[in-house]
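Shared chain: subunit A. Partners: subunit B in the first complex, subunit C in the second.
Take a look at the complex of A and B:
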């Protein structure tokens, strides 16, 4: 039976379908291998950053530093990783550990994650600016080859998004580790009473987020081919919006990995759609805001009915 | 209770004082007064929007106003364009700018209340729309402010910016509003537990509506003043104030979980943040190093001041 709950869960996918169809209607030439590849390639790093954000949101926290973090990874990737791969990998591993430490700090001192990650965003940006004061450097050859790889029949970005979404979905929604992780956001006291370590759970969640942040930075670097500290400044807001568009909620550990990926793609696609529409550049960003509002208004409408049923 | 309240904001003043002392020790006492004057005039802008952000954050967990930069820009652009360098149109310009800010505040709360969008996303999406309005209305022309507005925004009396004095008065007013008025008490109650406040008969909607409109109006005031101060409105003039407004509120000791506001702390935090940048500049630190140290300072201060137990 089709209940309102099903409708709500399907909403991210319906939104994506609508935006996709609207794009094809306005610009039929986009409906090709090449067109889809071009429109969706930047959706891959955004989707990865959104997944990173989702892991933090799972723990009822918020990461305001993911954008500058992705920028920092792209800078490290374009310099150290190309010149001396071992050092590059070591630095990236260090970043991963840093994320884990932040998770521990936030938990042990029960600090507001918003403030800590706000401070972190300055730190990441600062390190990135020290490494690359102006955009430059070169992406490792293998990274460029990986991101530029042309799959037969189906464009790479679609496959990549699907793989990311499904893998994370299966891990977080069906494994026992995933249940505990979501429990951290749902009811931490119950989790502790059941004998699980909240500290370990939070460190794991933050490190997983850091891992996907690194993947996002590398994917972005593979596309842009040179590093830039400010390249992903908008990712912080995109990633939060993506999680929410995908049906996630800020509290309670209610998140949806597949939804988050779909939300990120919808956001990325909305940008292309607005360009095809030939809306004046003044209103591009406003129209993006309007799309966000419309999708969320629809969800409110569905949820409202659900509560009344 | 009083000692507890005092604890969090004395931190920020002590930090500000320390940073200032280090700076003037380094320069050998040179420019001590000028540094303070500059810190006061720049901190003033952050304090205005910080006060609005504080009210919003106090209204409960998850409440934050991300539309502050866009609202500032819109108000600045509207004010400059309506005034059109004409002194006689100043009042009209200010009224128009504040009117625009008022509409933004109403729109924000409508999204939150009617569409039930989480405040972070609601104010974020509305900020996109507001910024587009400002871009489209401003069309990239930079109009100078009328001379009296520019004079007012930059005026100083014995080294103290006039605007800082007025903002001090505003801060004291908000301090008493929070403690003594129905709105203030309601806001704190709503922030601590919205449902309990509602059951106790507090007008939750009205309180939250007032809060979002208040924040938007303060952004408007800041936008007008900043345009006067820096010789016109610019489309990116609000950018740095998004993070700054949140930073000063939280370093100042306002609870992110809501229900506990701290007005003096905002002053301490804003002065601290500005003096810190001045100190690093005096030391000749590079942009990257400055950013890193600023970030580490924020994390250190919040770690030392300590988190609070989640109120349930």
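Take a look at the complex of A and C:
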């Protein structure tokens, strides 16, 4: 039977289909290998950042620093990683450890993650500007090759998004440790009573988020081919919107990796759609916000009906 | 002599100034079913949290199989020792399925095929305890009705993987179960005890405890006061044992002489209050008293004459504004009355703050200090001042004396008596028996309904306990 729960779970996919069809309607030429590749290539770093955000939201926290963090990774990638790969990898590993420490700090001192990460967003931005005062540098050759690889028949971004979604789905939604991670968001007391360490769980979640943040920065660098501290400033909001669009909720450990990827693609497509409509870039953020509000209102409507039943 | 499965020896636990446990000794043998009863705040739950490793005792020892394990006692250690608990507040993750929740409590469920194993584990146990339960292992817990959640959690406590199963603590396990499933559970508990598992059963349904437990421990004021074989107890002797022997607090008699017309009618006429009356809402904690107060305050299904004020019991959550000064915390309820040309009259506000600081004897050098500079008792006085300084004729009190010292309590009791004499009405939810002595009448709540109205000489601890613990459809 088709219940409202199914409708709610299908909503991200329906939203994507609607935006995709609308885009094809406005610009039929987009309906091609080349067109899809062009429209969706930036969906890959957005999807990775969204997955990063999703791991933080799983723990009932929020990461307001993911955008500048992705920017910082792109700067490190365009400088150190190209010039002395070993140092570059070491610096990226250091960032990963930093994320784990942030998770530990937030948990141990019961700090609001929003405040901590808002502060950190300026730290990341500051370091990025120190490394690359103005856009520049060069992406490693292998990274450019990887992101520019053309797949036969199906465009790379679609394959990449699918792989990301499925891999994260398996680890978070079906593995036995994924259950513990989501349980941390659902009822942390129950977890502690069952003898699990909330500290370890939170550090793991934050480090996984940091890992995907790094992947996002590298993917973005592979596309832009040069580093820029401000390149991903919008990613913070994109990533939060993507998680929520994909059916996730801010609290309660309810997230959906496949939904999050779909949400990220929808947001990326919405950008192209608005360009095809010749809406001036000044209005684009507002128009994207409007799309977001419509989808969320629809979901609220479905949930409201569910609660009344 | 056999070695007891688990022994708590002289366990003490203090929270700040409150002594929740004052040296409790409890020994449970293999295959024994121990009933644990007592009124609100007797220390049952605290004791069980110590046993489960979630609270560290201030003093005393925890012995497992005769070995002192106090130093390394933790939830994980308790699980490894075979102790499982079903607490009153449900410990399932609502966003996970039933099978996934089984995984949370079993470290051994991992690797390939953990989910089919978890499904089988919980379904076998559910079928064994509650035949015809109607729960699927893939149901998300949030979608289950409260009774089914409780069934799933109980069944989970009895599942076994790598850790042994020695002792299960059931804290009010039947509170959300219907009569049939409650029967199924109690039968299972008896059978499980025969198989060698120890059970600690906490319940306010004394019939359940009497019919199931081999031995019954009665707790009162953080101590175990009586401990006898279940056969040596009757309902009445159990209720007597829970109450205190001789309490000769001064009854608030004759005070209600000034009583006039009815000013409040709620719960379809089952609850009424007259001008100048002090009405107690009694019964076990969480049986609908707070909800009743809130519905009166919202004037939902309640006819109320005159303004009302609410005095919260949970100060930190519903009571104080913790960034504000003491004075601001007092005057906030009266700001509307002190308006002059649309603005608050600062002189009147200061006067009000100073007046109530003196009248309530709030111990502070300056009312402009932050509210958090006060002790808990004085913060509560400020909340009383907030309500009393207002134009409210009816004051709703939601167990306001939680964690307040005895001296402050006496001052507030006197204040309540004086204000009632001056014509104010108090509706007072209290979990403390002694406080009912300050009420003219009391309504006893059970399962969100008023089951008894007691007044005058009938308002005794024993009668309140009798009404609180009465069986369903006895």
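Quick notes
FYI, the second predicted complex is superposed on the first by the 306 of 309 C-alpha atoms of A that agree within 3 Å, B and C clash if a C-alpha of one lies under 4 Å from a C-alpha of the other, contacts with A are read in each partner's own complex, and residues count from 1 in each chain.
Convention: contacts are C-beta pairs under 8 Å (C-beta built on N, C-alpha and C of every residue); 3 or more make two chains touch, one makes a residue touch a chain.
Given the structure is predicted, the values throughout are model-derived calculations rather than measurements.
For subunit A, the partner with contacts to more residues, out of subunit B and subunit C, is B.
Touch criterion not met for A:272: it reaches neither subunit B nor subunit C. Residue contacts after overlaying the shared chain place A:41 against neither subunit B nor subunit C.
When the shared chain is aligned, no partner comes close enough to touch A:256: not subunit B, not subunit C.
Using the contact criterion defined above for the overlaid structures, shared-chain residue A:82 touches neither subunit B nor subunit C, since it reaches no partner. The part of subunit C that touches subunit A in the complex is made up of residues 52, 54, 74-76, 79, 85, 87, 89, 91-96, 100-101, 103-105, 107, 109-111, 114-115, 143. By the touch criterion given at the top, residues 61-62, 64, 66, 111, 115-118, 120-122, 124-129, 131-133, 135-136, 243, 246-247, 250-251, 256-257, 286-299, 302-303, 306-310 of subunit B touch subunit A in their complex.
For subunit A in complex with subunit C, the touching residues are 5, 174, 176-177, 179-180, 182-183, 185-187, 189-196, 252-254. Listing the residues of subunit A that touch subunit B in their complex gives 62, 105, 109-112, 114-116, 118-130, 133, 237, 240-241, 244, 249-251, 280, 282-290, 292-293, 296-297, 300, 303-304.
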